[in-house]
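Structures are listed in the sections that come next.
Okay, so chain A shows up in both of these, paired with chain B first and chain C after.
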Partner chain A sequence: MTAPIIRLRNVVKTFGDFTAVDDLSLDIDAGELFCLLGGSGSGKSTLLRMLAGFESPDSGTIEIDGKDMRGVDPADRPVNMMFQSYALFPHMTVAENVGYGLRRMGLAKAEVATQVAEMLRLVKLEALAQRKPHQLSGGQRQRVALARALARKPKVLLLDEPLSALDKKLREDTQFELMNIFDATGTTFIVVTHDQEEAMVLATRIAVMDAGKFVQVDTPRQLYEFPKTRFVADFIGNINLLEATVTGPGRSEGLAALHCEALGAVEAACDGEVPPAGAHVWLAVRPEKIALSTDTAAPGYDAVVDDLGYRGGDTQYRLRTASGAALKVTKPNTERQGQRPVDWDTPVRIAFAPEAALVLRQ
Partner chain B sequence: MRWVMLILALAGFALLYVPLLILVIYSFNASQLVSVWGGWSTRWYVELWSNEAILDAAFVSLQVAVLSATIGTAFGTLIGYVLSRFGGFRLRTVFTAMATAPIVMPEVVTGLSLLLLFISMEQLIGWPAGRSVTTIVIAHATFGMAFVAVVIQTRLAGFDRSIEEAARDLGARQPQIFLGITLPVIAPALISGWLLAFTLSLDDLVIASFVSGQGSSTLPMVIYSKVRLGVSPDVNALGTIVIAAVALGLFLAAWIMRRGDAKRKREEARAMAGQ
Partner chain C sequence: MAHAAARPKGSVSDVREHPSMTMRDRISGALGRRLVIGTPFLWLLIFFLVPFGIVFLVSLGAPEFGVPPYSPAFEWDGGVPRFVGSFDNYIFLTEDDLYWIAYLGSVKIALGATLLCLLVAYPMAYMIARAEPGMRNILLMLVILPFWTSSLLRIYALMGMLRQGGFINSALMGLGITDAPIQMMQTDFAVYLTIVFTYLPLMVLPLYSTLEKLDGSLLEAAADLGANSFQTFWTVTLPLSLPGILAGCLLVFIPAVGEFVIPDLMGAQDSPMIGNVLWGEFTRNRDWPVASAVAIAMLALLVIPFMLLRNTSALRD
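Showing the complex of A and B:
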């Protein structure tokens, strides 16, 4: 087992009397593509800037590659940063931008040229080496910024919202390109984003941040299927959260029997121990894990279609249960033609496997 | 309503430029008498060309303007940079205000205080010896510096600081960042600051009068002393030349600031369209 490339211990950063980063501890292993995900103002950029050395923590330690970074200038850290605004040097050509960090290392001219050419090939910008930044499109600038940050072969690459300035279509293509580059370089990437889909696509692990703290650090799959709190469940993807009370253990191991205001008696899976009877919990179930049937004799619970949104790939239904609670259900549109199966105000039956639903205590 | 505003604006412009226009026209007056039109002629320009005193003064003025603008720009840039970058030190507001004080200070006060400074310095350390081109250069550099500091500070306020951070992240130290990144990016502001200081120096009469000495009269000083003896037509010719020089300086300053912008916008639009 190798030592983690990044080790945070009880890192705190305050601005005046505002705590931007609140007692964070974390290990990141070499070769991870780690995402910091959180809403605006949750402290993602502040944490990244502390890793780069532009801010210093009030307390706690930051180790990079086994060395304490206290008092180490950004210029001397084995990390490089790709800025959200790209921060390209406007008076230099693409090649000069990419070579800037190499020249600071005192490399010979020919060596710099070779490495710059290699970087430009990596990001597919060979043809534009002599352009100035303002002669490039947004996507091209993004790639120059990436090449420049990678040129010094940092141990860790820090990326602050690397794709946020691109439009949606380009962003999706660029996500995959970024992953290819990640695979090609073998560098550890730490990506800040507030786009949960982007984090899911990119990351090997995600830290969900809120108010300067990590709410949950897990793989994308774990975060989606086993959120630990309502905040994470709600933040990652779509989910139905229904208040419920535990009535006892379920019919099989790891299940709890609940009474749910919206549906009645239900069973759902617990992450860990089954809470004691009478405990106040939330029933969490993803919209795509709920089966929808127009056969009113089918097993499950009664509901009525309140509203529906056709989104091409799938349709989102907003249902009202017998008790009046709202519920979201999505169904993929697997057939091109044929009848729209469920319409407004149609009475339906909904059902889900107990294992597909989750009991959340907080 | 629009008509009224238009007419008022035109009246304002007229007030500014009609006197200048009259001066320019009269500089081509053939008559000896300033107020009598005697047909077109360029004789006053020819006469100027052979007037030693005026040529000397023009040379002094030019010399002072170039030197003081250069010194003022160097110091003004550093002041502007420090005030906008090394933020958060105590008394920063005081320093900002102090750096710009020479702009609003009455020139008589500035001139007099500088004169006192030069006299006491001469008594204490023997330099500068007497009043000369050197003392005018120093005096003009002080207020040129104040103007440049303001120009640079304004430019740096709208400056994307992350490019300086990027340079630091890529291994550059403070002096390398300043010389290799910040300075080239703000170069247009630097040039227009220099031109501003240059023009102001050419313009100044009051401060120069205080700190100049034997054989170091500037052009405005010579014009002023000539006018006091009665306006002669060659002063009009001289005035016209000064107007042309100042107009050229201001035009250049504005053009340098805008040229880069316009070109950049065009190329940017092309790059975005081609994406």
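Showing the complex of A and C:
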């Protein structure tokens, strides 16, 4: 294993008496597409700006490519940033924007021109090289900004909410384009986003941030299937969180038996050790992992359909259990004309495998 | 392109007109718009174009004793106006060196003073735009404050500083730096200094307003792409503040060319500016037609280059 391209050690950044980034340590390997995911004000941009050199940490160290970045100007760092507002120079053409960083490296005119052309080909903007930024659509501007940031072939590309200014449809296409460019360049990408779906699609690893701290750093799958806290479970995707008490170990290894107000006796998987009996925990089940049956004799628990939302690809049901607790269940609509199997106020039975549910201690 | 063509006719985006806008709204909207555009037009017509026409007519006449002290350019001949004026006054301007020298001297002084103004004002505006928001208003206030006192008063204050026995000369001699007073009044130096001092706010304000609007992330982007602070200034800040530079330079240059109080009080008497010549023709010589011709010629010589400049820059965009 080679040394990480980025090493953060106990990085702290305060503004006045407000701590924006709170004692962060992290290693990012070369070639990762790393996402910083968090709500507004969680410190994502501040961390990114410290990597770019626009802010300096109050304490802690930032190493990029094995070198301590303390006192190193943004211009001298082996990173480039793609700004949230794109920050394209309005008085320069697309080609001049993309070539700006190359000209600063003192390359010959012809060399700049070839590299600009190469970058524009990468982002499929060859035809627009002579336009000014105000003559471009939002998606085109986004690609100019990306090409400009990539032109200097940085070791690490920092992207602050690169897709947030695009509409939903374009955003989804652009996500895949971004991944293609990532594959083509082999550069390490660090992407800030507050869109968890975007992070899941893009990232090799995601750091979930809250109030200046990392809550969990993991692969998208791990974050989704094995969230460590209720915050992460709730932040990533949809989930049912039910209060429960541990009554003992479950029937097989890694399971715990719980008593849950909403459902009664249940079993669920533990990530790690089974908590001691009597421990207060949360039962977490993803809506799509719950089976729904109109056969009232089926195994599971009783519930009634309170509400349902047809979303095209799937339908979300809001159920009420016998004890009155609310529960979300989603079912894919795999058939086109099949009768809607479940309607308002229908009594149903719900069930889930113990392995599909997770015990959360915090 | 492909999906634009495939879009069915009469889709929602084809409906341009807002349904809730009635005929009356549209009419009163058009009226309102005409009023808004029309008011400055009317203003310019009454207070610029009409006086300009009168001055132009006067410039075609000849001086006379009497009231008014010139012969009219038109005579009424049986209810029909007949042109009796001439362009002699304009020809006269080209024959006497005085006018050319004064005109070129004025342009030279105005250009120099405008450039000095820009050099002094740019750093000021830059600093103000970069200051804390609370501080900015105080600093702007300080720039504008001198404008609230009469400009004549400020000129006399400067005279008090620059005179032979004035504050600066007494201080220099008192400190033993010079033995004899330095001649500062009645020099071009005094004229430049006073113009810069008087017109500085007109340069600072437009510069400030463009610099203040400058997006800070553009400067960060330049730094991120490897530019040092000088390169950032030269390639980003300066080009983006050009509109402010142009506006400030026009605001200073145009009144400075026609300035007559400052050269009259501070400048050497043997090199008058065009404003002083005009003033002299009008008052001392009581030659209204020549004075009018000077005014019109000055305007034409100032306006035509600017119109050409504007057209070329419009072509470029």
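Going forward, the second predicted complex is superposed on the first by the 362 of 362 C-alpha atoms of A that agree within 3 Å, B and C clash if a C-alpha of one lies under 4 Å from a C-alpha of the other, contacts with A are read in each partner's own complex, and residues count from 1 in each chain.
In this section, contacts are C-beta pairs under 8 Å (C-beta built on N, C-alpha and C of every residue); 3 or more make two chains touch, one makes a residue touch a chain.
Since the model is a prediction, treat every value here as computed from it, not as a measurement.
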| item | value |
| --- | --- |
| Joint occupancy of chain A by chain B and chain C, clash or fit | clash |
| Touching partner for A:Gly31 - first (chain B), second (chain C), both, neither | neither |
| Which superposed partner A:Arg148 touches (first chain B, second chain C, both, neither) | both |
| Residue contacts on chain A - larger count, chain B or chain C | B |
| Touching partner for A:Pro74 - first (chain B), second (chain C), both, neither | both |
| Partner chain in contact with A:Ser137 - chain B first, chain C second, else both or neither | first |
| First, second, both or neither for A:Gly66, with chain B first and chain C second | neither |
| Residue range of chain C overlapping chain B upon superposition on chain A, of 25-33, 61-69 or 79-87 | 61-69 |
| Chain C-contacting residues of chain A that also contact chain B | 52-54, 73-76, 80-81, 83, 85, 87-91, 100-101, 104-105, 148-149, 152 |
| Interface residues, chain A side, partner chain B - complex | 52-54, 73-76, 80-81, 83-85, 87-91, 100-101, 104-105, 132, 134-140, 148-149, 152 |
| Complex contacts: residues of chain C adjacent to chain A | 215, 217-218, 220-228, 231, 235-236, 239-240 |
| Chain B to chain A touching residues, read off their complex | 160, 162-163, 165-173, 176, 181, 184-185, 187, 264, 267-268, 270-272, 274-275 |
| Complex contact set, residues of chain A against chain C | 52-54, 73-76, 80-81, 83, 85, 87-91, 100-101, 104-105, 148-149, 152 |
